[in-house]
Amino acid sequence: MKFLVSRLTIGNVIVGAIVIILVVLPVAGGPREWLLYLLLFFIYLAMANMWNLLAGYSGLISLCQPAFLGIAGYAVAMGTWVSIPWWLGIIGGAIIAGIFAILIAFPVFRLSGIYFAIGTLVVPEALRLLFFLWKPVGGELQGGGAGYIIKGLADVQMSTIYWTALGIAVASAVIMRIILNSRLGLGLAAIRDNERAAASCGVNTFRIKLYPFLISAVITGLAGAVFYVYQGYIEPSSTFNVKWTMIILLATVIGGLRTEGGPIIGTIIVVFLYFLLARYAGYSLLIQGVILIAIMLLSPQGIVGIMRNTRFYRAIFQLANRRLANAKTE
Amino acid sequence: MNEPILSIDGITKHFGGIVALEDVSFDVQRGEIVGLMGPNGAGKTTLLNIIAGEYPPDSGKIKFKGRDITGYPSHKTCHLGIARTYQIPQPFVTLSVRDNLLVSAIFGRQVSKAAAELEHDRIFDLADLSEKKDTLTGELTSLALKKLELARALARDPELLLLDEVAAGLTEPEMPRILATIKEIRNMGKSVVLVEHVMKVMVNAVDRIVVIDKGMKICEGKPEAVMNDCKVIEAYFGA
Amino acid sequence: MTDVGTLVSPIIMGILLGGLYALIALGLSMVFGVMRLINLAHGDLVILGSYIAFACMTYLGMDPILSLVIAIPVLFGIGFFIQQFLMSRAFAISAEAPLIIAFGIALIIQNTNQIMWTPLSRGLTTAYSLSSFHLGSYQFPLSYLLNFIAAVVVMLALREFLRRTYLGKAITAASQDRRAAQLMGINTKMIYGFAFAIAMICAAIAGIFLGMTFPFTPTSGIQFLIIAFGVVIIGGLGSIFGTFLGGIILGLVQTLTGFFFGPATQMLFIYVIVLVILAIRPKGLLGR
Amino acid sequence: MLKVRDIDVFHETFQALWNVSLDVRKGEMLALIGANTSGKSTLLDTISGLLHPTKGSIEFEGKDITKLDPYQIVELGITQVPEGRGIFPEMTALDNLVIGSYSRQARAKREQNLKKVYEHFPILEGRKKQTAKTLSGGEQQMLSIGRGLMADPKLMLLDEMSLGLAPIIVNELFKALREIRETGITILFVEQNVRRSIQEADRAYILENGRVTLSGTSAELCEEEQVKKAYFGITTAEICEEK
């Protein structure tokens, strides 16, 4: 109990309350529209958190996240064609995505910086072509460019998918927190700041970079698999597509790269944009591209960076925390 | 005589046609402080980089505690017990002083975070950084950065320290503080290779001096003898 | 079944195609060689060149090759703008900023192409691009020959420009040693802008010849970016001759795999080869 | 001619120069002496505009150049021959020289200056078609100095010219420097060979840990123990005393 109280900061209280509200929302009769947007929010958030771990905290600009979510998505879809239940497919898919991450780590980890980015960019493109050709299950009319329907979803409730996605999003945030406070997080920060000095302090740079890559592949895979279960259908063009990378990148950069809160704020804005721009779907990439460039040039630390520099924000939080501390001592 | 802790045997290194080191050999005994001196571009830092494993030599062997470590990558030489500092401090700029030291303690000694934190204070005291534990390294002064560089190497608890110009860039009044730290390191029984330009530090701290010029060892011996050696004067002042 | 005779055709096709690939890669190679920037928007800028030619052809009835008089200045301006106003600032922010900004530019161009010309697949079809020529008993599309000739001409022109003019020499100098170049009185910031702009001239030319050879869509950019990148990692960055060789190797890979395994697998093979080369030689096959 | 007044210069957070002042008089040969990391190169880079001081000012021929960019400073007539030669390795020797005449006022005098360079360093004429990286160390240094001359400078800054070169070649280089100075070009050179520097220069500044600790004419600095002390922070006599 004492342990719990000591962690009772205003931030944690608010986060806890929000999570509880989100959990009960489907049974409390939240409108279906809301649930849908929240579902997207959870999925994007998990992916953005993982990209933040890679690009922000580990200095790995990975452009192959669609590969992970696509592989897991395909695993679920193909699994249902051989009678593997969808939930098992999600787990299996995430594991396969993880194994795939280790495999491609060997070529791409030999690259650093910009080379790494472009090396990873090739991966989803290659997979897209592969899944155009490779159709292990289904008949003539399925697979390839036609894609797969995910079977056996008839009696799956929207709320089940919603809760799964919520669980993954929360897990991704918790994992981030754990990693950042662990020796792994410290090693990553050291590599990002100065790879040469990190190695001379005994950090095995290859291995330390492999962990976040693997973790991001698994969590992104989970989130992707849930997305395709929700969509009920998967095909290569939209799956192994830069648009996914764009969403992930935008959410992280708008919110604030290398900040814990950044992906949350960024994802809210991205989902909101998605909602707003639904009418202008044709222009959405253009608008997002402009936002991305503007944020990067004007406030590289994103919205969190702007807030940090605002005295007002700081003052409010200090005051709130002090009140809470006083309450605890009384 | 015991086996030397570090034995450098015939190291040669070329960089695209330019000779950086040519057949350099010397030993460092346990608990000994060896000074490495020579004019700019003589190859001192290159030698440290090769010992620490940043790049392999073209030929020659390096033995540490009797084990051939030639061509080991730097994280491995660190795990074996070699720590180094850089001439221009290379801190992890987004981390606090405390975390900078923790990186070295945790990954260098391959221990858990808790175990590393226990011993911590000793290092802070040693390097005179106790009051700056939570400062981001980006905000430190030149002197504090130099100390941090030293402290980070010590946090590894190494058997052999490679110190690259710890006193360069410091003012006269700051000198004694660094000197005292080096003496403490000696009292801890550690072996040191010290690259230094500031004579005062060199002469007061070292047991033996090795002089290299244009990549070749030109002289080795006790400080007084080396300082009076014509070849050394020549190397620095020109004939 | 596959006697040597039947291989002649895909080999010649591959070499000719390699010219086009080298042309596409030239701008990417130059921007990297001088600024150390991998321009993720390169493919989309090339495709923008194709679309400009398409627009000139459709609305003005211009011949695609003639439309270079419009495409070149437009891309030159875009290139200069990107470097002077976006990239030069991005470099000061962080290592990842230029990449993220290039990515944003790629999406903006992609989307603009889509808005202006719809997502439909387009091509630059002219009388001569459809005709073919004979070499012995073999027949080849004329457009492939044009590509090859254009590639050779552009490369020779670029080489002479870099060797003979002050501006060209300044670009070469800045790519070899930025600091020394500054000390020679070269305004490197300005030079970078010109280097990017000149790379975009190459992109415009590449885009037009690409459009005469392959159908393109607003999302084709990434495919050609990866090909360009493949060329560059085979040939080494910043070397004109290496780029040419890299283009020919990739062209051969494509036509030969197409010949042996069917056209559907060509691109997949190229991607796999790019990844394999990265794994073996991270700095490129002929890289320094 | 050049007035450096009380400048502080930082490398990121590391302060490399503290309150440094220096004067260069027209037509003189001035030496800047100091050990590794004493700040000599930093000072040259600051004059060349690669670095900017956080405090203090730099004036050249009465014009404030503190905030100018390197290319503007070259146009005013200050050229630097960088440490490690800084030649363009993949270009021919001739192209290296030509690029030296990049700035506006130098282009017009290109052929004339090229002739001068070949007079000072006849060996370069025979090497002009060779790629610069294939030249020997001494030739590369000559090329670098020649390239500096191509900029038609009034003041020439040389950074560690003799680094890694055999004494015979260093002699040749200093001979060329004297000739160059005869043609009316002012020279400021950085050197760690103390005795040589004092012999060659009219005046010298000694830099220690980013501060000027000693300056004067060569005659004044001839007291060798004094220089040695400044250089090593201690004299040989004192060493033996302390032990």
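For clarity, chains are labelled A, B, C and D in written order, and residue numbers in each chain start from 1.
Going forward, a contact is a pair of C-beta atoms (placed from the backbone, for glycine too) under 8 Å apart; a residue touches a chain by one contact, two chains touch by 3 or more.
Computed from a predicted model, the values in this text were never measured in an experiment.
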Report task. Quickly list, by label, the chains bordering both chain A and chain B. Result -> none
Report summary line: Greatest Cα-centre separation from chain B belongs to chain C
Report summary line: For the pair chain A and chain D, the C-alpha centroid-to-centroid distance in angstrom is 54
Query raised in the report: Per the centroid of Cα atoms for each chain, what is the distance between chain B and chain D, given in Å?
Result: 31
Report summary line: Note: chain D sits from chain C at a C-alpha centroid distance in Å of 43
**Report entry** Interchain centroid distance [CA atoms averaged], chain B/chain C, Å
**Finding:** 48
Report summary line: Residues of chain A that touch two or more other chains sit at none
Query - Residues within chain C bordering two or more other chains - result: none
Query raised in the report: So which stretches of chain D touch two or more other chains?
Result: none
Requested in this report: Classify the chain contact graph as line, ring, star, complete or other.
Outcome: ring
Query raised in the report: Tell me, which pairs of chains are in touch?
Result: A-B, A-C, B-D, C-D
**Report entry** chain B - residues contacting chain A, complex
**Finding:** 52, 54, 73-75, 78-79, 83-84, 86, 90-95, 99, 102-104, 106-110, 112-113, 152, 156
Report summary line: Interface with chain C, chain D side, in the complex: residues 48, 50, 69-71, 74-75, 79-80, 82, 86-91, 95, 98-100, 102-103, 106-107, 147, 151
Requested in this report: Could you pull out which chain A residues touch chain C in their complex?
Outcome: 55, 59, 61, 63, 104, 106-108, 110-111, 113-115, 117-119, 121-123, 125-126, 129-130, 132-133, 242, 245-246, 249, 253, 257, 282-286, 288-290, 292-293, 296-297, 300
Query raised in the report: Once bound in the complex, which stretches of chain D touch chain B?
Result: 11, 13-16, 35-37, 133, 137, 160, 163-164, 167, 192-196, 209-211, 228, 231-234, 236, 239-240, 242-243
Report summary line: Interface with chain A, chain C side, in the complex: residues 36-38, 40, 86, 89-90, 93-97, 99-101, 103-108, 110-112, 114-115, 222-223, 225-226, 229, 264-265, 267-268, 271-272, 274-276, 278-279, 282
